[in-house]
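Order of writing sets the labels: A, B, C and D. Residues in every chain begin at 1.
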Amino acid sequence: MCFILIFLKQTDLLKKVNRQPQLYLLASGLFNQPTPARINDLCRLLNDLLQTTPKNAPMLPILKALKPQLNYNKVLKTEYSRLFILAFPNEPVQPFASYWLESDHSLMGNSTLEIKKMMAEHGIEVAENSGLLPDHIVSELEFIAYLASQDDEKARQTQRQLLEQHCARWMPQFIEALNKSNPMPYYQLAADFLKQLMV
Amino acid sequence: MTKKYVMLADTTRCINCKACVVACRAEWETPMGHTRDWVKEVEWVQNDQPKVMLFPGRCQHCDDAPCIEACPSGAAYKREEDGIVLLDNGICSGCELCIPACPYEARWLNPETNTISKCTFCQPRIDEGLAPACVQTCVGRALVFGDKNDPNSEVSRLLEEKTWVKLTTDEVNVGPNHYYYTAGEALPDEVMPKQYDRHLSGKVMEIVNPVGAIGLGAMLLTFLGAGVIKLVGRRNEVCASENKEEK
Amino acid sequence: MSDTSQMIPVREKKSIYMHWFNAGIRLLLLLTGFGIISGELVRVVPAFWPEFMQGLFGGNDNLILTHSVLAMIWIGVFVLFILFNFTNIVLPFLKNVLVLTPSAAIKDMKSMTLNLLQLFGIMKNVPIPPQGRYNGAQRLLGTMIIFCSIILAFTGLYLFFGPQVLNFSENPLYGAIFRWSLVAHISCVFLVVTGVIAHVYFALVEEPECMDAMKSGHANVEFIKHHNALWYDELKQEGKV
Amino acid sequence: MSTHDHFDPSRRAFLGATAGGTALTIAGLPSQALARINAPHESEKLKETTEVFGFCDMCYWRCGLKIRSRDGRAVKIDGNSEHPNNWGVVCAKGNSGLMVAYAPNRLKYPMKRVGERGAGQWERITWDEALDTVAQELKKVKEKHGPQALSMIGHGTWEKPYHRLAHAFGTPNTTSPVFGLCCGPRGLSNMIIIGRNLTGNETIDLENCKYFLMMGRNITESLHNGETLGWVNGVANGAKVVYFDPRYTITASKADEYYAIRPLTDHAFLLAMIHVVINEELYDKKFVTEYVDGLDELKQRVQKYTPEWAEPITEVPAKDIRRLAREMAAKAPSVFVYAPRRMTRTSNDFGMGMSITILNTLFGVWGHKGGVFTPQKYSVPEIDLPEFKHAHLARRAEDGGDFDYSDMMDLPPEYDSNHIADKHGTIYRADGAGVPTRWPVANAKYGLTNEMWRAIAEQKPYPIRALITAGGNGFLNSTNYDIIRKALETVDFYVAADVSPNEMNMYADILLPEASYLERYDDLQVGGAREAYVAVRMPAMKPLHDTRDAWTICKQLADRMDLGAYFPHDSIKELLEDRMKKAGSSLAEIEKVGILKIPADPAKNFPLEHGGKLQIKTPSGSTKAELIPGMLKMMGYDKALDYVEQVRPNEDEFHMTFGRIGFHTHARTQDNIWTADFMRENVLWIHPEPAAKRGIKEGDLVKVSDRNDRSGEIKAKVTARIRKDSIFMVHGFGHWDKRMTTAYGMGVADSDLASYAVDPHIGTMSMGLSLVKVEKV
């Protein structure tokens, strides 16, 4: 089953009381290439979350702040490309786990394969047309969202493992790099949001 | 008859292209900043003519490998059937006692496994009958690998054909199994083995053992002696008492 | 001088079991330990032993595991024993055995040397100063063994768990600690074994009565009177004899 | 001291170790007897991999490869031992190919420029948007300015489909640097004198050659696996090596004789050699009488070039010149005068090239064992395509062979530079390659890339408004950055297709990310060595990110420009099946072995050893080698044969020399993390004497500046391995594209200091004329 980018449409999953899948989906979407359609999906998702999120949740302020930022524009596209595609030496915000975990910063390292295998164990692979690698931040977050949406022990276990033994090892560095490259509010918030999600 | 694997490096055929180094990195995914093999370029001026010599190097799989001797757990071992020096990752604790022991500086602590890493003559490859990665890729075919005990092997032939030298000195000669051909050129100091060294703890260890051994020995002797005397004493007592009774 | 004077209880059963458990498991640890240490630099016994042991256990990794498990049982049992019998057995024992002040040490040295010399019939007629429950030699030995055991336990734990829980590549200190632990571990083994030789000798040859005491738990009053005068007085005061 | 022993690692070793002090054990036994503990151990197993065949793309020699993959990713590149280009060996560059595919900064998605050209501001777009834009823009240009207003500059990746696309589009202006910036003078000299180019994959019988006279051919560092291995074998087989180079290279360290010849004067030395060979009648008389024209005329021309004349120019002793000539003659025809790979150096490379060919010809190396063999060819017909508008160029560009001059003389002698087309309406190349009164003898297939850039920058002789580049780096492989920059800023539309970022594609309006050579099929590699062969390139894994292979890109562009007929197959794979069928085999067949071969045939390779005849056809139609090429005389270019005085540095100046190192390819691999690990930045080689004069010590930072006030700052390597009047730096460093995260800002770009004069006869670059000052900073 290919799931990246298709998964968003599976609204039944989003109706769950469990907010985790939505949260990770939102994060995933925020770091994906901004397109009008995607931004719409994200708005929908954000609205759902704003309703369901309890008042005292630490997440709430970020979500609220995010709301006005979620509108598609050219600047956003350029910023996205600047940050995640044209990694300049002074601020490489590479959205790949492998980049941060391999000694030679190469992609498709062992860390990539680990994720690929994990996905396979849950009958999942990255959609070919997505242009993403399994350890791309978008894939990983969406994978977590998927796991969170499954209510079986195996999924929960994988999710824990993924977060504690994998994401924890690179996403903080990624977030830090993102902050350093003074991003526009949209991505600043995305960074804060992901950070919040990691704790 | 057991095998004896050796590596031959014909320095006249080496061009310092580093193919062996990258091939090894790719084959064994060695982390950046470390490498299992290398090529040393030595340049100097001899009666105002510049000179350059090239020395491909790696673990020399010595017969009397000081690394094995320094390894407490026996993780460093010499495979009996072919004499290559290997490392048992399961046992290696990464204590680094072996690192200063190696006269060729071939061993390093792998940050990814936290165990010692070094050239294994591509043991997993040669077990499958493949040439080591560095040998297979060597552009000048300067590296030749094979079984010295097999009279029909290429290495045996080459060893017969030319005069090969090893990187050894009067001080340090631990029976390396890596041969070099330099067409008669003397080996430069830069590539010579260093007098092997120890961590301070290792040096202490060198004292602890003999001292401990002597201590134990002494103790045993003391009480053996005491025992004997005691026996003699008993004997006398007995005799004495017997004599009494006789009277 | 064997007259049938009364025997009095000097030891609880559990201390006796403890002693033999201790002796036994230490023997096993010694045998496995010698089997683990392989390299020339560190090895303390001829190579045939580690070779035999590692072969027997199908690889040093298993042997190491066995050694460690035994050691942890040993540590565990001791810890429990100490916890449950601290006041009634351990504390008095320590009081009697530990030699902590230099003066005490010198005193015990004196008596020990006398003991040892007299084994060889030297200074036969110099009276050994009256001793407590444990004589000088025993006290020094005991103290030494106690401290060594503590060191053995801690270094042992690091040698086993250190490499598993720490990234040695992160901090050179980790490896250094490991290497020094190894030195300490082995040194202590040497010390303990050396001491135990004497211990065993006295038990077997010089004073079989002690051996009996360590089996039955009862000791001969005459013997105590003769060997441990001070203790005898104590017992008298306590009215145990 | 070293133990000279054949077998037994002597007992001394044993005692040495016991003396180490660690012998004593509790039993007090000497350790060695019991030292080694033979206990059971787990030994590592080799991981499973699947294997596909390919050929390398890290340089232009294109070695045969076997690529191992695991879990859907290529993990190791091995050599294909069947491939005559490398016989199974792979250099460091080849081994590092993996890091091209896995580079975190490789081009991943189609991009559209949003900021200023060259400012590096982009946004990711879809393939459809990208291809639509390109098609539109190109059509626009065609309507407004005609098809010739498009130029295609290819280099590096497999560029064939882009040539085809451009020719289908109708422009003659396709070029790649191989002629103008690299081997031009060399291939042309051979071609014009004896009708062979002897360039590309050289056909030299290296293993059996007995005498190499190497004119700065640094074969061990500017290395091509098969060629280098062959040479090393030749040397091992007892060949004598005489090496000429201002720098003591690793090749020099392997040579029997080394001459630190004065830079740029090789031509003078060679003319003196010719002088001796002819005057002392050292040439192969049989060969010369049978196969050579123009000896007498040449003899007249070289009379003035005595060794004594050459000595002060070259600083090579006259007596040595004589000796070398005699030594070579003694070993002829198993000898070879080795031209440098890149021969764009002096102000008369053409002359130098021809003198090398002449020497080789006089020694009769052609068709002889140990000389130059005649390659065989594997016939793999092209797929059926419609006529190209510029058939006379296109057909040539399509077939594999280099420097094909078959129809060069079609061009009418009368030419008016206002005309951009001949009387048949065939549009002339903008760079003037193969164009009368411009560069008539320059190769019209590859063109003069340097002149093409100039034509674009100056919009002469006619406007060029659109540019396609396929790989390559116009800046670092050329030498006049201003021209390149101007050209890139001038065109209306610039689309770049590449795998990795670089300074040139930084300027692109649309950036097309290509699949690396490990991720795609490509057209067949048809080659001729002793054995003829055809080799296949198969994908070792799926293309990463959102990349596509060159053929798919070009087909999809062609479809959008109604040129689909030139790309009749839906995929390159289908094209391969088609072509392999025409070759009488099948794709499945070749995929099994990677390479199909016609075995070597001594009778064909060395006709003169087997009573055969040597087939010669020069561009002017002669069936004999022309020592004084008729064609040149006709054009008045034969003066190129004469020596031209070269520039000389002033007291405080140096010759600016640059070259290759074994683990870097041109300017392409400095950003490859694996090769970069050996050399992050280049350094300036300077002789201890001039260094001391300037107070420069090893590792000092120095400023290099040329007469045009171009300059750079670089660390110094003080070494006796370079002449006192020259400095040297490794080529390809000094990248300023921030996307090149590893190479960015490392070292100095030699190409920004090299001269940009052109050879007056053939229009190729003369990069070695630059004179520089060096001072400590």
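The working rule: contacts are C-beta pairs under 8 Å (C-beta built on N, C-alpha and C of every residue); 3 or more make two chains touch, one makes a residue touch a chain.
All figures in this text were calculated on a predicted structure; none of them were measured in a lab.
A.B. asks: Work out which chains are contact partners of both subunit C and subunit D.
C.D. replies: B
A.B. asks: For the pairs A-B and A-D, output the one whose chains share more C-beta pairs in contact.
C.D. replies: A-D is joined by more C-beta pairs in contact.
A.B. asks: Centroid of subunit A to centroid of subunit C, CA atoms only: how many Å?
C.D. replies: So the centroids are 61 Å from each other.
A.B. asks: I'd like to verify one number: the distance from the centre of subunit A to the centre of subunit B, where each centre is the average of its C-alpha atoms, in whole angstrom.
C.D. replies: Chain centroid spacing, subunit A to subunit B, equals 50 Å.
A.B. asks: Per the centroid of Cα atoms for each chain, what is the distance between subunit A and subunit D, given in Å?
C.D. replies: For subunit A versus subunit D, the centre distance works out to 45 Å.
A.B. asks: On a C-alpha centroid basis, what's the spacing between subunit B and subunit C, in Å?
C.D. replies: 39
A.B. asks: Specify, in ascending order, the residues of subunit A that touch 2 or more different other chains.
C.D. replies: Each of 104 in subunit A touches at least two other chains.
A.B. asks: For subunit D, jot down the residues that touch at least 2 other chains.
C.D. replies: Expected reply: 22, 25-26, 31, 35-39, 41-42, 98, 673-674.
A.B. asks: I need the residues of subunit C touching at least two other chains; which ones are they?
C.D. replies: Within subunit C, residues 38, 40-41, 43-44, 50, 54, 59-60 contact more than one other chain.
A.B. asks: Give the pairs of chains that touch; include all such pairs.
C.D. replies: Result for touching pairs of chains: A-B, A-D, B-C, B-D, C-D.
A.B. asks: In their shared complex, at which residues does subunit A touch subunit D?
C.D. replies: It comes out as residues 33, 74, 77-78, 80-82, 85-90, 92, 94, 96, 99, 104-109, 112-113, 116-117, 128, 131-133.
A.B. asks: Taking the touch rule as given, give the residues of subunit B at its contact with subunit C in the complex, in rising order.
C.D. replies: Residue list for subunit B touching subunit C: 68-76, 88, 90-91, 93-97, 101, 109-111, 114, 198-199, 201-202, 204-206, 208-209, 211-213, 215-216, 219-220, 222-223, 225-227, 229-230, 233.
A.B. asks: Which bits of subunit B are touching subunit D when the two form their complex?
C.D. replies: Those in contact with subunit D are residues 12-13, 15-19, 21-23, 25-27, 32, 43, 45, 48-54, 63-64, 66, 68-69, 74, 77-80, 86, 88-90, 120, 123-125, 127-128, 130, 133, 136-141, 148, 159-160, 163-177, 187, 196, 206, 209-210, 212-213, 216-217.
A.B. asks: So in the complex, the part of subunit A that touches subunit B is made up of which residues?
C.D. replies: For this pair, the touching residues of subunit A are 103-104, 110.
A.B. asks: Under the definition above, what is the set of subunit C residues touching subunit D in their complex?
C.D. replies: Listed in rising order, the residues are 38, 40-41, 43-48, 50-51, 54-55, 58-60.
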